[in-house]
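Going by the order they are written in, the chains are A, B, C and D; count residues from 1 in each one.
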Amino acid sequence: MKNQSYIELTAMLEQKINQLLSENKVDYLIVYGKGSFWFKTRPLLIRKQTEIEKVIWNRFCQFNLSTFLKPGSRKGEKIGIITKKCDIRSVVELIKNNQINKDNLYIIQVACDGIINWQKLENLLGATVSKVIEVEENALNFVIKMPETNIEVLKNDYLLDKCLICDYQQSFYADEFLITSEEKVEEIKNQFLPSLEILENMSYEERLEYWLKHFSRCMRCYACRNVCPVCYCPTCMFDSQEGLWISKESKTSENYVYHLTRAFHTATLCVECGECERVCPVNIPLMKLNNKLAKEVSEIFGYQAGLKVDEVSPFKTYCQEDSDEFK
Amino acid sequence: MHNQSQSFRDSTISTARELEIELEELPDWYCCGAVYPLRSEDLISLLSPTRNLMGAKKEGKELVTLCSACYQVLKRTNYLILNDADKREKLNNYLEEKYDGSTKVLHFLEVIRKDVGWEELKSKVKTSLTGLKAAPYYGCLLLRPQKELVFDHPENPTIFENFLQSLGCDIVDFPYKTECCGAYLGITEEKVINSAVLKIIQGANKRGIEVLITSCPLCLYNLEAGQKELMKSGHISKPVPVLYFTQLLALALGLGVDVCHFEEHQINPLPVLERLK
Amino acid sequence: MEIVAFCCQWCSYAGADLAGTSRLKYPANIRIIKIPCSSRINPTFIMRALSKGVDGVMVAGCHPGDCHYSTGNYFTRRRLMVLKRLLEFSGINPERLQLYWISAAEGGKFAESVKDIISKLEKIQDKPFPKNPESSP
Amino acid sequence: MRNIGVFVCWCGLNISRTVDIKRVVEETSSHPQVICSTDYKYLCSEPGQKLIKEIVKEKGLEGYVIAACSPGMHETTFRELASRCEINPYLCEMANIREQCSWVHEDREEATGKAIKLVNMAIEKVLHNEPLYPESFPLNKRAMVIGAGVAGMQAALDIADAGYEVLLVEKRPFIGGHMTQLSETFPTLDCAQCILTPKTAEVARHPRITLMPYSEVEEVKGYVGNFEAVIRRKATFVDWNKCTGCAICIEKCPKKIYPEFECGLKEGKSIDMAFPQAVPYKVFINKESCIFLNQGKCGVCAKLCPEEAIDFQQQDQLVKEKIGAIIVATGYDLIDKSELAEFGYGKYKDVIDGMQFERINSSSGPFSGVIRRPSDGKIPKEIVFIQCAGSRDREKGKPYCSKICCMYTAKQARLYKHKVPDGQVYVFYMDIRAGGKGYEEFIYRSVEESGMLYLRGQVSRVFEEDGKLIVWGMDTLSGKKIEINADMVVLASAIVPSNGVKELANILKITTDEHGFIQEAHPKLKPIECMTRGVYLAGCGHAPKDIAESVAQGSATASKVFSLFSRNSVLAEPTVSIVNKDECSGCLSCETVCPYQAIEKENYRGKVIAKVNSALCQGCGSCTVACRSGAIDLRGYTNQQIMAELEALLWK
């Protein structure tokens, strides 16, 4: 997919949104809009046709917009939402867990060829990042156009990790699938980031140290929880009975229980969108926990979150023949 | 098969071609071992079937067998690999590459059922075998253990009957169809074979069966060799020829007697088949 | 060494009582918390216990198929399977969490299970969760 | 709660031998919220209880901890004592320092240390206890019995005799169950009909039994004391208020069928009565075969009926009934024919099952009681009985013993010998299981008197040859292969739960075992209770059993119903789950793990949230873990209580 495709897709998107609004099929739409900086995007809620020009679709649309389905979903309003092929899984999870009614939802899935990791770009360019005019691309490379010069970088080095292994296809649950040219349909495979192996091969002590080092930085701002599309509890257990599960002080042992509980609670629900890790102000590698659990859940139960609305989560059912690894 | 059983080979290859089933010889195949090990720790014997299964996986194809014994060994090995994680791991330790049990093992009869279908087969028959009183002889290896093979009902199978019906034969209900032929006892205890075969053949004679159909080379051998002995000793007077199902199929499809290599048989089936022409 | 045992009141807790009435001896570093069913065990209880420096957690429930509440232990089994892997990945030796199926009639098995978890914990080389993680690097 | 008391029991030497009671008292009294800690030799004794009562009053205790034996022993004692002390019984906790401390440890130092911890844990827990009050529910003193076989009828009669209303629902158009099909019964050779008909007649005329034949339970809602059932009354196309059972219609009906009652052996009609003694004595039309209902022509019965009782327009009716208790007596079927292919069952006419033999032997059966074989009506001279046909067979997924086959095979063989004295009987058996009053003697008499050949072994194959059934078997005692040329083969087919039990179990929220039999609440101590309160279990729906046992179970369930109905309301344990409405996300994960379907939906502030039906909830607490936000908690074992125990345990 070239830049051209993104322009084309944006036009298609605008047209579709226009149609939905004019036909009153939705009350509002959750879309991507331009952010504060050239490569940044932000979530946008539009209700009027006049706002359509603000809609964008490009290589920087990183957010999982389904997080914004958590509130508001109960007002009975009809909502339109833009999803990438990965994000739609969390929409499916929200539907599965009775958090939103599919009848009140119009899902537009837009073709995506991977999202650029702007942090890597920032690291590469440093201060000059503000001078970039545009990022174009050819088959293998991104071409970063600067006033004087062009820098070419390998695409695979600058995409989000999750995009490198992404092989999701058009979801069955999208009401609309916007695509320019025909994409190859592949079977969904399970691939896991190789970086897990490094951790998995450590000794217990090394690994504990690794995590405690990270958790010791946590200040329990709960951004990871708030941004998570599947952390939909109106009141989190850590908020409701304060001091019951963990004490308020920001101690590593308390943080440890918080993070493990969060990971356990999202196991079977987590769609590995990476939002928690993205928003973490102290860069705790939360996705490693999530990826690990998704992998284990898939290995034990053959289950992956967010693929089918009628699939039962492994924690909501049981099988007499489950392996009895404990004795 | 290339040496001992050209009849089975050629009749299969030619009928498969006629039925537009693509068969390809597995490159670099190994003997399946012929007997599925009775001891559960005996994993070494499972290595060569596993290699065959892996070979088919590499080719990205289903693994089709003709012989009932090969079918049993391969399918059971695959079942074990699929369902026993511990054994799978142990077996994989011996192999250069990991094998996960994803190859599908099929008997040629199943292929005909799946890819051609009985009705379609019927329409392809050029020389109907109407009037030929035929009965299947399943033997044991195709059907049991049912949990692992899932081929047909272990006590009351019908796949051969369906097959013969499509060819136009007069099927005779044959209660001995799943009895034991004596198997490898032929090597050491000829008497056992003879008494087993005697029962089967007497039962066939009583029912006026003209030809018995099998897919197992060992059954075929035992039934033929046994009958020869019993003829000598005067226990039976009228021998019943035993044919591979593919031979009958070849005849019905009008492929001629050449591919059938009837000369390989110890009991000449030609007198019975002569009538059909 | 300190071990927490969560025991289902219908089976393993009664099994522990039977071990008592039978005067079977087992080490004293086990503390039993009575719960109605093994499915009442919130994984956070276990994380909490381990993060406070408990050496091991023993969970005991009815044998699969015999749950007093018919299916509770099947859910427990699934939850603990995942929890065990999570603990392991977080750097805690998974042997520190043990699940046993002990019926009300199995006093002997209860005593054996206590000995079993202790012998397993004794073999573990790595340290439990540090008491003051702040002070470690 | 603030003012806690701790009472430590010596239990004579039982505790005091290994635990330093004095230290336990000292250590625990230093707890800021413990205002009194004391010990006594036997707290459970009268003076012990008196002591507690006095101290509670004197110190104004709000709750207390008893450090003594297992709560399994004396929790009830000390909780009752609490209510006598005007403390809510749920503000009493026990620390188990006998079974789980003094009796299992030897080192005095260790045991004392542990006892102190256990008491501290109990103190922390009780500090978080809240007074709980059992809810009481009104009770509908009317029972429903599902299945009018011998077990169900017995239950219905007993309950009705005790003065309660009973609803007896039966899926067939007549009552009496499988026993109506039997000829004679073991071990006394009583005629089945003769002993059964007085009971069916009594059921029919009992003023407090409402009979619902040809009906099935479609839906059951509610809980113990307050069930509401929807029952489908299937159309018989005959107005039973008018039908007199004169049978003119049967005689003239042109459509012949083979009804299920006669096991396909005897012709019947499309409009028919199952058998001459049927209760109710009414005809019904078989919907599948009736010419009029399928082709719109015929209607002979309607023309001839003197009472004009035929009503082709009749529809199934759904009726709603309120009841307080349910007895499940669904009975059995025989294993499917296709599973016994090695015996040629279903293929050869003369290979029959035990029930078919009963019909053949019955004087109202196909041959009026003469034993003939179905294929050609000849009297079989060589007959083979095969026991365990399908039973005790892992391969067929039925590893259980069908229990009655040994006995009825011996009975049938003996009845055969009575009628065909020159016939030869062969019985293949695995073991003879004749545990029952007079059973063993019956078998021995059969074998000795009648010259039957009992062969220990199994049959591998049955097939037809020259008009005979060839039976290949094995006599494992002599180690010989056996071949019998028989005229007829009778299979003692495995007993399986009757068709539709699985669906009914789902409706009733009870569980079935791996074979589809209904699961009892406890295999030994609650053999006739189901997992759902207020639902009881009788007869073969539970497991294979004989008539006497079925009747006994029927009466036993009735007595359970009496004790339930003897009260004016039902009390529910207060240790149930409760939802914090504001914190519930409405994901209903709790619903999926609840074994009792106790989670209901509720509209609250514009969203659907979970609500616990405290009458259904049994307090397992699985939901509290499925709930991520902790919005659902279990009374008596709250998150706070358990965490408090955990914290206390970690004190050094």
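The working rule: contacts are C-beta pairs under 8 Å (C-beta built on N, C-alpha and C of every residue); 3 or more make two chains touch, one makes a residue touch a chain.
Quick caveat, the model's predicted, so the values are computed rather than measured.
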Among the chains here, which has the CA centroid at the largest distance from chain C's centroid?
B
Middle chain, criterion being Cα centroid separation:
D
So which one's got more C-beta contacts, C-D or B-D?
C-D
Just how far, in Å, is the C-alpha centre of chain B from the one of chain A?
55
Need the CA-centroid distance for the pair chain C / chain D, whole Å please.
34
Please tell me the distance, in whole Å, between the geometric centres of chain B and chain D computed from their C-alpha atoms.
49
Residue numbers of chain D (touch at least two other chains)
593, 626, 639, 643
Two or more other chains in contact with one residue: find those residues in chain C.
43, 48, 52, 71, 75, 79
According to the definition already given, which pairs of chains are in contact?
A-C, A-D, B-D, C-D
Would you pull the chain B residues touching chain D in the complex into a rising list?
146, 153, 155-156, 175-176, 179, 203, 206
How about chain D: which of its residues touch chain B in the complex?
338, 341-342, 344, 347, 395, 461, 463-466, 470
Mind listing the chain C positions that touch chain A in their complex?
43-44, 47-48, 51-52, 64-65, 71, 74-75, 77-93, 98-101, 126-127, 129-130, 133-134, 136-137
Can you tell me which positions in chain C touch chain D when the two form their complex?
2, 4, 13-14, 16-17, 19-21, 23-29, 31-37, 39-43, 45, 48-49, 52-54, 68-72, 75, 79, 111
In the complex of these two chains, what residues of chain A are touching chain D?
74-75, 97-99, 232-237, 240-241, 244-245, 265, 312, 315-317, 320
